[in-house]
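Okay, so subunit A shows up in both of these, paired with subunit B first and subunit C after.
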Partner chain A sequence: MRNMTLYVHLENGSPVHRMDPLTKMFYVFTSVVISYMLPTHLLVSIVLAVSILMLIIGKVFRSILPIIGVSFVLLASILVVQGFFHPDRATVLWDIGPFTLYKEGFSIAFLILLRVLNMVCAFGVLILTTKPDELVEALVQKGLSHRFGYVLLSVLQIIPQMMALTGKIMDAQRARGLEMEGSLWVRVKSFIPLLGPVVLRSLAETRERSIALEVRGFNSTGKRTRLHELPQYPYGTVAKTLLTSLLLFVIVWRIWL
Partner chain B sequence: MSLLHVEQLKYRYPNRSVLALDEISFTVDKGEFIGIAGRNTAGKTTLCYALCGLVPHFFKGAYGGRVLLDGDEILASSLSRITSKVGFVFDNPFSQLSGAKFTVADEIAFGLENLGLPREVMHERIQESLHMLGIEHLRRKNPFDLSGGQMQRLAIASIIAMQPEILVLDEPTSQLDPQGAEEVFTIVEKLTQDGMTIVMAEKKMEKLAAYSDRILLLHDGKLIQDGEPAVVFSREDLMEMGVEPPIYTTVAKKYGLRKESSPFPVTLEELLAFEMDEPLDGLFPLQEKLETSHIHIEELSFSYSDGQKVLDSITLDLSSEPIAIVGQNGAGKTTLVKLMKALLIPSDGRIVIDETDTIDTTAAKLAKKVGLIFQNPDDQIFKKSILDEVMFGPLNMGITKAEAKSLALQQLKAVGLREKAEENPYDVSLAERKLIGVASILAMDPDIIIFDEPTMGQDYEGKLRLQEIIAGLHAKGKLVICILHDMDFVSEVFGRTIVVGQGKVLFDGTTKAAFSQLDIVQQAQIELPHRYQVARAIQQKREFAPRTS
Partner chain C sequence: MKMVRTGLWSFRFSTAALVLIPAAVGINYIGKLFVELLKLPLWVDSIGTVLSSMLAGPLIGALVGIVNNVIYGFTTSPVSFVYAITSAVIGLVTGIMAYKGWISNIGKALVLGFVVGLIAATVSTPLNISFWEGTTGNVWGDALFAWMTAQGNPLWLASFADSVVVDVPDKMVTVLISFLIFRNLPKKVLTMYDTKQEIERL
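What follows is the complex of A and B.
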């Protein structure tokens, strides 16, 4: 089974890896919010550029690409819908058969695209460079219940866990003669018999897991402790203050000025 | 007042008609080591559940009688209160992982954090339990990337570290290499000296006899006897209940070796007090060599994505007769057979099956040629009913539904699961799930059948069945390859044995020769078959005995 998280482990870490989870969460929040408040392509591009820069510093830029790839379907449909059907239709950009692409629609679609890309990248900064257990622990220390923390942790692991489970079931099926390797059509065809078992197995595993948690004292009511101390991040306060001021500035600027 | 007090305990799983536990009463005192023996479906696992509160708090159903833990009634107590006193090790270690931790050390810490232990204490206990179970070198590994046996060691370590008052273990050594199993028993015995109470369900009767103070013999949900090992294992009707006594007792019974009306010996030492001979008939059979498919492995190396070399230039030729593969946990046995099935691709070297290189084919195309029964049956099962599960393979081979069904039913009959064909595979025991795996592969009638630890969790009857299945396959000209930790089974069924250790082949030759090389036996963490141990001990005793006359 492959590693169960999206987290990218680096032997020597990186400045972004060393940042504490809360600061990174602050960053995600600020970055996403202001990208939606800023009006022009240029400004949103700058926000996006910062997120990408963070990914590069964190040495995880390559790992975001498949995730962008997955969200591409979503992005493409935004482009199509907005580009072709946005009500502001003045300037014709392109004629494709019976359809016409308008500049206004395209411009708005492009802005949305930048924002969504930024959202993916900003979340990437958080998810790819933070150990999920540390992320959740940081929240638990801030008062989140440990039960909810566990749920959150499971949510963070849903994709990798599903991938691992799918891998297992695929092994079981291919061992018994269901062809899954080869042309695209073969793969697509083999995908459908996978769905049922994946759901069935995750249900079974969830049940087993809840027994396991019971047995390991997860529901005990006493105080709990933590094996690893969360490393102190010396620039945490500074970074958070800066991010907050930036956020306030944008809000004030966009709403009152 | 005894620590555990079970009184007239009755329990029935929801939607079932038979009682899983039927009027069970016994008591356990602090520091005792209690063994639970019984065939599959006797109710061992359910009794374990009842002692640690999962029955009735997690598994609902009909419950009667009382279980008192330290005077508190389990039914009235909360599960978290019970689990703070009773530790439970599952029969399937995979199901015990928390899923919240990403290294072996952190996984052990999970339970300790919930107990609220101070950090220094946690570090100490983690270190100690890693050391006890011999998995220190794995502390940074992801728990999900461990071999079956390594995972089982982790499961035990993570419960022992919590230092419960009562430790309940459900077949904790089913996937361990023989020396690992012995270590677990020694560890557990040591814990009883520190005042921990142990209740352990096990199939390794020699070990139960040597270590436990008392044995609870279960059959069909009833407690047949609660007594000292010697008394329980001397029963005449033991085999009728599907329980095989320790080999030492069997030998003693054969020759009528016992002191007047006292029970038969149950350990090697006790047996050796008598004069006797144990001929090795039936041991190390040489199997007839037949024309079979052929696997050629050449300079094979393999690493998982973390880069550590798991197999290191292995060269082997497999054909003609059933072959056993044995060796230490984590040696690379499972990895080797997955490569043979083309589920993994060699990092270096090649595997040729008859004329096909595994690189040029796919696992699916090999389905008719090579069948692999997975180590963890849960990794192999994905359907809602046992029958559907077994039919899946045949259906992929393009035969009609009716034919597939008849094939499937035939195989289910061979493994003794015909009556349960319509049930959900998740509702039957681990040992039965393992047999589902066997049936689902045999239904496809491949030329080469590879079993990864088939005897795991099997009782006497199950092993006998497997033995017949293997003999039948061999007679039909199939090539059978078996990974095993049960050396008695190896010595009774296989003529050829391959010993692997740390990714290399340590020995390849006749089974008899394998067990004659004590240094290899030691290095590979295996043990001598019990009957062979007896024979050797007798011989040694003779040699060292002072000669009279």
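What follows is the complex of A and C.
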């Protein structure tokens, strides 16, 4: 069984990496909202270009490509469905066999495509350049309950452990004669014998885990001290002011003007 | 272990219920992994969400849904952030209906799955329309969407049909599998999250 880690983040100390995780979160929010409010291809392209520029400054541009790949079916289907079948079709752009690509649909599809790409790239800026622990730590300091912070971080630890467990269970069930290949019905039947033990094992483990946590004062209400002090992040205020004013400007422009 | 006696809507989560969240998200992942390994023609990516709602109630179920999509967005595909609301609603609806007794037999569980699928599709439709003009990225659903818009149906109807044909069968299978697992869980596990029974003190 492949040993997979769930972290996509890459450490290389670029300026984007050293930014405050919360500022980056705010950047993602602003970028996505703005891209959906701006009406023209050119303006949305600029927003996308900024996200890509951030990725390049963060030296993680190559890592965004597989993440875009995951959304490829959605992107392709937007282009095909809107390009060929959008209700406002009038101007023929291109004939492909029995189907016709229309200009109106293609134009809309292209705009959505730019927005979705921007969404993926903007989130990419956050997820590729931020350590999950650092983000959760920053959120806890801003008032997120530490118990919930623990929940978020432990997901990232538990999933690789469970993945490792699946390998063992598959081998064990095969040794008992479980068939996992063949007709659809054979494969369907083997689903529960595979999933059942993982579920049971992980639920039983939660029992031990919660006892272990309570023994260590998980629910204590006393004042907490921190093991790690958060580093000072550069240009946080400037970035936040800039993003807020940009967001307000676009909202005012698109709604009142 | 400190047991917090809770009703259906209590916000005070016991440690056992909180620790269930990461485990349930893990079960979602593993379910999906097995589906891909066995090459089954389904998604079935919310078994953990449904199971945790059955075990610990609607609020934990909804939290599992949100955490699941946030973590999935962080590790695999940012598009899944958009559907965090849908996942939360799946947990919420399953939790409420399970509490009201809709998992007492297999027939009722199938109805539960049907309702969850319908509601999930209803919640996804406005998201699909506002984020990508109605498509879902599922080949079969989108083919139906294309055919329906070409026939002149309104966008919301085509988009809803697009979601329904995928979500309803998928959620019925998900709830059915979760029900089969839930029914066979040992009592020792069930009592950890029991929100109905009073605890007697010595």
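What we mean here is this: the second predicted complex is superposed on the first by the 168 of 257 C-alpha atoms of A that agree within 3 Å, B and C clash if a C-alpha of one lies under 4 Å from a C-alpha of the other, contacts with A are read in each partner's own complex, and residues count from 1 in each chain.
As a convention for this text, a contact is a pair of C-beta atoms (placed from the backbone, for glycine too) under 8 Å apart; a residue touches a chain by one contact, two chains touch by 3 or more.
These figures come from a predicted structure and were not determined experimentally.
Novice: Looking at A:L257, would you say it contacts subunit B, subunit C, both, or neither? Reply first, second, both or neither.
Specialist: In the superposed model, A:L257 contacts neither subunit B nor subunit C.
Novice: With both complexes overlaid on chain A, does A:L74 touch subunit B (first), subunit C (second), both or neither?
Specialist: second
Novice: Is A:I159 touching the first partner subunit B, the second partner subunit C, both, or neither of them?
Specialist: Once the two structures are laid over each other on A, A:I159 reaches subunit C alone.
Novice: Thinking of the overlay built on chain A, is A:I108 touched by subunit B (first), by subunit C (second), by both, or by neither?
Specialist: The second partner, subunit C, only.
Novice: Under the stated touch criterion, which partner chain does A:R209 make contact with: subunit B (first), subunit C (second), both, or neither?
Specialist: It touches subunit B and subunit C both.
Novice: Could you look at A:L200 and tell me whether it touches subunit B, subunit C, both or neither (first, second, both, neither)?
Specialist: both
Novice: Thinking of the overlay built on chain A, is A:L42 touched by subunit B (first), by subunit C (second), by both, or by neither?
Specialist: After superposition on chain A, A:L42 lies in contact with neither partner.
Novice: For A:M180, using the defined touch cut-off, is the partner it touches subunit B, subunit C, both, or neither? Pick first, second, both or neither.
Specialist: A:M180: touches subunit B and subunit C.
Novice: Touch check for A:R147: first (subunit B), second (subunit C), both, or neither?
Specialist: second
Novice: In this superposed model, does subunit C or subunit B come into contact with more residues of subunit A?
Specialist: C
Novice: Same subunit A residues contacting subunit B and subunit C, which ones?
Specialist: The overlap between the subunit B and subunit C interfaces on subunit A comprises residues 132, 150, 154, 157, 161, 180, 200, 204, 209-211, 213-214, 218-219.
Novice: Within the complex, which stretch of subunit A touches subunit C?
Specialist: Those in contact with subunit C are residues 6-8, 36, 67, 70-71, 73-74, 77-78, 80-82, 84-87, 108-109, 112, 115-116, 119-120, 123-124, 127, 132, 147-148, 150-152, 154-159, 161-163, 166, 170, 180, 184, 187-188, 190-192, 194-196, 198-200, 202-207, 209-211, 213-214, 218-219.
Novice: Which residues, counting only subunit B, touch subunit A once they are in their complex?
Specialist: 52, 54, 58, 79-80, 83-84, 87-88, 90, 95-102, 105-106, 109-119, 122-123, 126, 142, 144-145, 158-159, 162, 305, 341, 343, 362-365, 367-368, 371-372, 374, 378-384, 392-393, 396-397, 426, 440-441, 444
Novice: Which of the residues in subunit C end up touching subunit A in this complex?
Specialist: Result: residues 1-2, 13-16, 18-23, 25-27, 29-31, 33-35, 37-41, 47, 51, 55, 63, 67, 70-71, 73-79, 81, 130-133, 135-137, 139, 142, 145-147, 149-150, 152, 155, 177, 180-181, 184-186, 188-189, 192 of subunit C touch subunit A.
Novice: Under the definition above, what is the set of subunit A residues touching subunit B in their complex?
Specialist: Touching subunit B from subunit A are residues 1-5, 131-133, 150, 153-154, 157, 161, 164, 168-169, 171-182, 197, 200-201, 204, 208-229.
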